[in-house]
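Have a look at this one.
By letter and in written order, the chains are A, B, C, D, E and F; residue numbering begins at 1 in each of them.
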Amino acid sequence: MSRTLYDLVGLAAGVAFILALKGLSHPKTARRGNLIGAFGATLATLVVFFYANPGSSLPLNNLGWILGAMVVGLLVGVPAARKVQMTQMPQLVALFNGVGGGAAALVAIVEYLHLGAEATTAEVVFTVFTVIVGCVSFSGSIITFLKLQELMTTRPVIFPAGRFIIAATLVSVIGVGGWVVSSLGTTPLLVLAGLSLLFGVLFVLPVGGADVPIVISLLNAFTGLTVAASGYVLDSVLLIIAGTLVGASGTILTRKMAEAMGRSLFGTLFGAFTAKPQDTSGSAEERPVRSGSPDDVAILLNYARRVVIVPGFGLAVAQAQHTVRELADMLIAKGIDVAYGIHPVAGRMPGHMNVLLAEANVPYEQLAEMDEVNPTFGQTDVAIVIGANDVVNPAAQTSPGCPIYGMPILEVNQAANIIFLKRSMRPGFAGIENELLYDPKTMLLFGDAKASLTKVVSALKAL
Amino acid sequence: MSRTLYDLVGLAAGVAFILALKGLSHPKTARRGNLIGAFGATLATLVVFFYANPGSSLPLNNLGWILGAMVVGLLVGVPAARKVQMTQMPQLVALFNGVGGGAAALVAIVEYLHLGAEATTAEVVFTVFTVIVGCVSFSGSIITFLKLQELMTTRPVIFPAGRFIIAATLVSVIGVGGWVVSSLGTTPLLVLAGLSLLFGVLFVLPVGGADVPIVISLLNAFTGLTVAASGYVLDSVLLIIAGTLVGASGTILTRKMAEAMGRSLFGTLFGAFTAKPQDTSGSAEERPVRSGSPDDVAILLNYARRVVIVPGFGLAVAQAQHTVRELADMLIAKGIDVAYGIHPVAGRMPGHMNVLLAEANVPYEQLAEMDEVNPTFGQTDVAIVIGANDVVNPAAQTSPGCPIYGMPILEVNQAANIIFLKRSMRPGFAGIENELLYDPKTMLLFGDAKASLTKVVSALKAL
Amino acid sequence: MEPMAIVSIFVLAVFVGFEVVSKVSSTLHTPLMSGANAIHGVILVGAIIVADHSSTNLELGLAVAAIVLATINMVGGFVVTDRMLEMFKGNKK
Amino acid sequence: MEPMAIVSIFVLAVFVGFEVVSKVSSTLHTPLMSGANAIHGVILVGAIIVADHSSTNLELGLAVAAIVLATINMVGGFVVTDRMLEMFKGNKK
Amino acid sequence: MRVVVPKEIKDGEKRVALVPDVINKLTRLGLDVVIESGAGTHAQATDADFKAAGATISDSEVLSTADAVLSVAPLTPAQMAKLKKGAVTISFLSPVTAVDSIDAAAAAGVTAFSLELVPRISRAQSMDALTSQALCAGYRAVLVGAEMSPRFFPMLMTAAGTVTPAQVLVLGAGVAGLQAIATARRLGAVVSAYDVRPASADEVRSMGATFIELELESLEGAGGYAREMTEDRAAKQRELLTPYIAKSHIVITTAAVPGRQAPRLMTQAMVDSMGPGTVIVDLAAETGGNVEGSKPGEIVTTSGGVKIWGGKDVPSQLPFHASFLYSRNVVNLLTLFTKAAKEGEAVAFDLNFEDEIINGAAVTHGGSRRGAK
Amino acid sequence: MRVVVPKEIKDGEKRVALVPDVINKLTRLGLDVVIESGAGTHAQATDADFKAAGATISDSEVLSTADAVLSVAPLTPAQMAKLKKGAVTISFLSPVTAVDSIDAAAAAGVTAFSLELVPRISRAQSMDALTSQALCAGYRAVLVGAEMSPRFFPMLMTAAGTVTPAQVLVLGAGVAGLQAIATARRLGAVVSAYDVRPASADEVRSMGATFIELELESLEGAGGYAREMTEDRAAKQRELLTPYIAKSHIVITTAAVPGRQAPRLMTQAMVDSMGPGTVIVDLAAETGGNVEGSKPGEIVTTSGGVKIWGGKDVPSQLPFHASFLYSRNVVNLLTLFTKAAKEGEAVAFDLNFEDEIINGAAVTHGGSRRGAK
């Protein structure tokens, strides 16, 4: 196989990766995108067996070892990916990312050993980069895995003088890197690898559980860059393109994730340097709620088969009746089964919701009384509660003595997903907390109901 | 100046071009995008005076000629671009595109002459490509210019056996191209250039006036490719990147333009080969109307200061009252002055529009009576007529004897832009044609009013 | 430069070209075309290079002509695009 | 390959990377990250190349380890991404 | 020139032909406006209001000096007899029912305009009093229906159970019918409607109501009006409508054919098919009634507990706005043939019978009844 | 056990305490339902309907055998005297105005429930007849106001000029007031409202109306009701409201303070500030009137041409749905203390005075008046 053909196939694989990322960024094409990526990767892997390096003969040296190692990798990777539970996928991704970073570091080390004194300065610099970043990615990912799997505490681990230790480690990593470039040798490289692994651990430890996904994404981008650097050393356009793509898209993605979660990227990442030990036993732990973006809500709705809209006083306050109708109409047009679940005392006046929804021309047939809609929540994929609160509060059934005890409610807690549109965590008319807001099935979309709905409608259109 | 620095500056210019195109595809950033592009081009041009070619000494040879020629170019190009009227810009763009193509062809010819027998086959092939495409672009653009400027007929020019002549020319162009590659020499190249110029003329002649912009866009993409090919011959990454960018984006753009205008790209371009001579004197000429896309409407609205919405019976038929209110609310939120101009007999019942708009909760203050709104059309940027027809038909003032003569109308024809949302060219209740639909200020958005408005609202959100 | 590098650059530039304009709204079609048109005026760089190493009068003459044309294309293109975009100045907020 | 070519390729690939994911919706963040993660598993190609020209046992051992890790990354990554995306199968229409 | 507005003498007529705020449109032309004292009382316009608007109030006989007389109901033959020769009157003046008044007008040499005869062309829409008054009637019909109904119109889901919306059926979807649809829909009722004109289906739907398709041929006459039905078709229509009527809580009928008896849309049996507590509003009661048993100006309760409200002077029941709209119609017609006072010249009437509107609306002129109307 | 519904004997009372379609909720528990013949006539429920729903119709004296008596108006002392000892009555029974009936109930050893005293807790919302009847009253108030007004409610731009929308002012935005706002807005009026409760502003705005901010301190009493105003504040409020009233076409007043005279919101002078043809609907006329000069059950026309409609038995004017809602309230309260018939056991009443609702609503028990009510 000629070098040109080999390179062209590599380029084709690179194009496949571009198409893969493009596909993955849109729900409709995401699955196909992933398959295209897998196809590209397979192609790139296969073709290397037909051409390795200028002058080297085929079949590859150490073919047995190579194939054996691949089989081992397959036997480990596939079942792990197949069996993992939905909720544990993030940590698996972290793990995969880590091993990828490790692989890149190993490849760089082997090439370094192989080249020995022949290596150009540029090659050594890239090798050092790969080793550092690959090792950081490896050990950092392992820590994120441990955190997510709750094999260690999910809270930020902060120890006295931690930030000085981290800074010192970073300085040593850079110093040793310089040493490798100037002196060339196995020992400095191994020291470098060791220090980098340490730095990875220190870097991730102070990150709190909620920020971990952002860090994974960042480490993923890092790994991409190491792959690109390896591509330089190994003279492979494919690796350069693939690595750069992942590096660039990973960076954007990291920023977007931080934005979507309302986190400061800087704070998350450099928390390690700025964090001071805190009195962890002190203030009562704030109860976690899951808040989502309009996009998340749109996607949940888009892939539902049955949606029940539960309006309340907040819908009236926000005067969002027209917008809610628009949303319902869009869902109906997509073939989704939509009903409005009207609680008899939703709002502040008998028939309050009827007045509003009639104004927005919602067909009467879409309005379902409580007794009619309650038995259907079990088959409902998404219950979207818009400015209602008391009328869905399970305390009415579970907390004798509370002011609403004994009032029949809309049993949205039976639905597979619950979305709340409200402005804050404040309670409703009866002034009592709603446990449902903390339910793991619940996603909160904070903001004025009309503004939120408008965003959801836009997001839905963009899907 | 080192080659590396020179190349890096070139790459920077390439990045500037990427950012320029990116900026140009969004209204908010379009102007800035263009400036970035101009900056990149200036940078690239300046730096070439500090470094030309490996081994050649600075300052450049023929510096006087070079600078003189640039001054001439400036003296021609800038005033032309400055003074041209808004309506004549498309033909100027065509002209500029043509000279660009001509320049690329000339550059290729000079380099070919310069290299003489030293040229590699690849270089010759690229030269041939550049000459052909550059010449086609040049002569084709000149013809489009003449058509748009109405220096020649805007109708398709079709002559007997035209398609055979065109095909024959194309074949000869390719043949002579092969001859150049195999024999190398000045004569064949000049023949090639001549034939290519001819082909450009023949290619564009059969294109009708309405399709000309699509052809300009295509020729623009062609020119981009010749620049990329020149970049190969001249070993300039900058030219490769810039040319490819223009080629690729130009291709996409051509397709999009054809889509937006509802034309078949294939039909437009290969009309030349398939067109048969027609009896041009026959059927009455179909009167041209300007139809736009929801995007166009959204942009017009977005940049208006005052918008008057004129609803009619079609709004009621489409039951688009809620959507129109959504649109108005969005515009108001942008600080645009919005009023509904209500004609006393719009619809089919006295107060028909009031009933509808009240249902959608349009505040009464936004409704303006005819007498109140008519004097304001002069200061209105956009009048958007939604499913109305008779009530804005100037025939009521200008055509004694027509069924609506003497009825007062909403004088939307005084507004700077008029948008009509209707489903077809059919007349309204009175059954008479509306001249306003053919007004050059008018843009038609065909389709059910509710569907169209929904699209406009989305487009406006996306801005 | 190696052919492989050139091909890679070409392919990637094609993707960039596709992607950056993929969301353009139809009212920007003409300005975008005009802007892209101005960008290919950068052939001016090529024209200057060939003018520099022109050895015959014919070559120089053609090169000078190319410079004139390319300058018109580039400078005129950016100016006219800017004028087209005046309406997007954003006189509001 | 010339450094200039590599830099150009790098820069262009950065743009492509930026552009293609610039419109991703937040629910796809995790699958996209996972897919990108699988893509960098293509370091497997590099691992195979170094395994091919490993001359010492140390080198070979490390290279084999790299292959194992890279394979896990690549194959596992694509599989797990696919599973994440099952919900987008589109059970409607 | 004197424009006179006499007090309406017809029983139950509460409108007035001019309201204060349009008077300046006439005085500006140079016309003198004289209002009989108390003419506006029922329409909330006092003598003082009129005076303030520039009119003169007269307590005594006003007709004999008038150049133009504006009224709602036709002038009686006695009133006509008092007019000057050549005077102009504008009022409702049906060529079918107001024959006496028309004869008297002809005899008195008066030019009498009938608002019923203003042609339905675009230019004349601002003079179309049939339309403006039908608008008032349609609105009233729903208020009256809602008032009489023992049910809510809107749907309301409450802690004490769900109130289902009222089913309203509108028969005849002309101007009054469409306005009735709009008003009933506003109140939250579920509305369906039927009409014989082909354009009607779209018009009904454009109001957000359901159109009942009976698969009968449509009936369209001149000027956008309906034609009379044959007895065959009428029977068929009644039969097909019965099931819709039986399930309605409120039926509003507005069907009319110009110059004819109102078509009989509902027989006694159809009325009986409705349950107790249901309501029928018959806006056509005065012209014969769309509903068997309806009596103009009365509420008839059937043995089955159905209430039938027979309309009589319905626009008069909204006197303020009915007069407001009516007076603009009248003023628009009057100004059509008034030459404004200019430098040195006095204001004058200029009756150009070439004009389609004047030609169409003038019933008498120069001592005789005009045309074959 | 026998549940008896006597015919309402109060003049103007058209509701009935049970409608046919809720009867099965009682018979299912094992109760016998006896309806006095003709009890449902005004609410469109015939004896036949009741029979079909599972009730027995009785022509003769029904009270003496009753275990529970359901009615709308309080039983008269004479009726109470006929009851068995230990019988239960459920009806409106104001501890302030129905003192005689309460005394008679105590004397007869009857347990009398007053629907006015059902506490306003979430669980009791389905028994809250004040709310359900206020809903009917609020809706009616607007219909009546629109009916009496000589104006259109909605805005209409027509060829004969533009009809401007009616300005409606609602004073007291409780249940009835909010429903009035909703209904007037539906009809197209421009609505503003005022109330003294602090939560009211948001509630009014949530109906799409404008809340009038008077910058007076708010008055909130127990159970979400208002407190009585001091005379000082009342005067201040009247003064500040006057300009709003003067520009209104329709004023609807619904203000009430439980157990008190209705607050006087409008003096004669405020009424006079309104123009001729304006309308005031006073829903509080029966409890003293929010408006000076209003008379329950009458329409008073002032010398200035303002019509004041004084409400009397307003929910009775919507008898079908008022009864529909009322009977569900009553049934919900009755079932609260009814132990359903089980295998071998008979149905029984189980009055648990620990229950907040039963404790709150029962006025008499075991021969005496309960608590300090």
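Heads up, the rule we're going with is that a residue touches a chain if its C-beta (ideal position, glycine included) is under 8 Å from a C-beta of that chain, and two chains touch if they have at least 3 such contacts.
Just so it is clear, the model here is predicted, and its values are computed rather than measured.
Counted as hops between touching chains, the shortest connection from chain A to chain F is 1. Relative to chain E, the chain whose mean Cα position lies farthest away is D. Set side by side, the interfaces B-E and B-F show unequal numbers of C-beta pairs in contact, with more at B-E.
Once the centre of each chain is set as its mean CA position, chain A and chain C turn out to be 40 Å apart. Taking each chain's centre as the mean of its C-alpha atoms, chain C lies 71 Å from chain E. Rounded to whole angstrom units, the spacing between the C-alpha centres of chain A and chain D is 17.
Mean C-alpha position of chain D lies 79 Å from that of chain E.
For chain E, the set of residues touching two or more other chains reads 125-126, 131-132, 135, 154, 156, 158-161, 163, 186, 188, 208. Residue positions of chain D touching 2 or more other chains, listed in rising order: 1, 3-6, 8-9, 12-13, 15-16, 20. In chain B, the residues that reach two or more other chains under the touch definition are 18, 237, 241, 319, 344-345, 350-351, 355, 358-359, 361.
Screening every pair of chains for touch gives A-B, A-C, A-D, A-E, A-F, B-C, B-D, B-E, B-F, C-D, E-F.
Residues 1, 3, 6, 9-10, 13-18, 20-56, 58-60, 62-85, 87-93 of chain D are the ones touching chain A in the complex. Chain F contributes residues 43-44, 46, 125-126, 128-129, 131-132, 135-136, 139, 143-144, 146-147, 149-152, 154, 156, 158-161, 163, 183, 186-188, 275-277, 305, 318-321, 324-326, 328-329, 332 to its touches with chain E in the complex. Remark: chain A residues 319, 322-323, 325-326, 359-361, 458, 461 touch chain B in the complex. Every residue of chain A that touches chain C in the complex is listed here, in rising order: 4, 7-8, 11, 14-15, 18, 237, 241. Touching chain F in their complex are the following residues of chain B: 342-345, 350-351, 353-355, 358, 361, 364, 367, 369.
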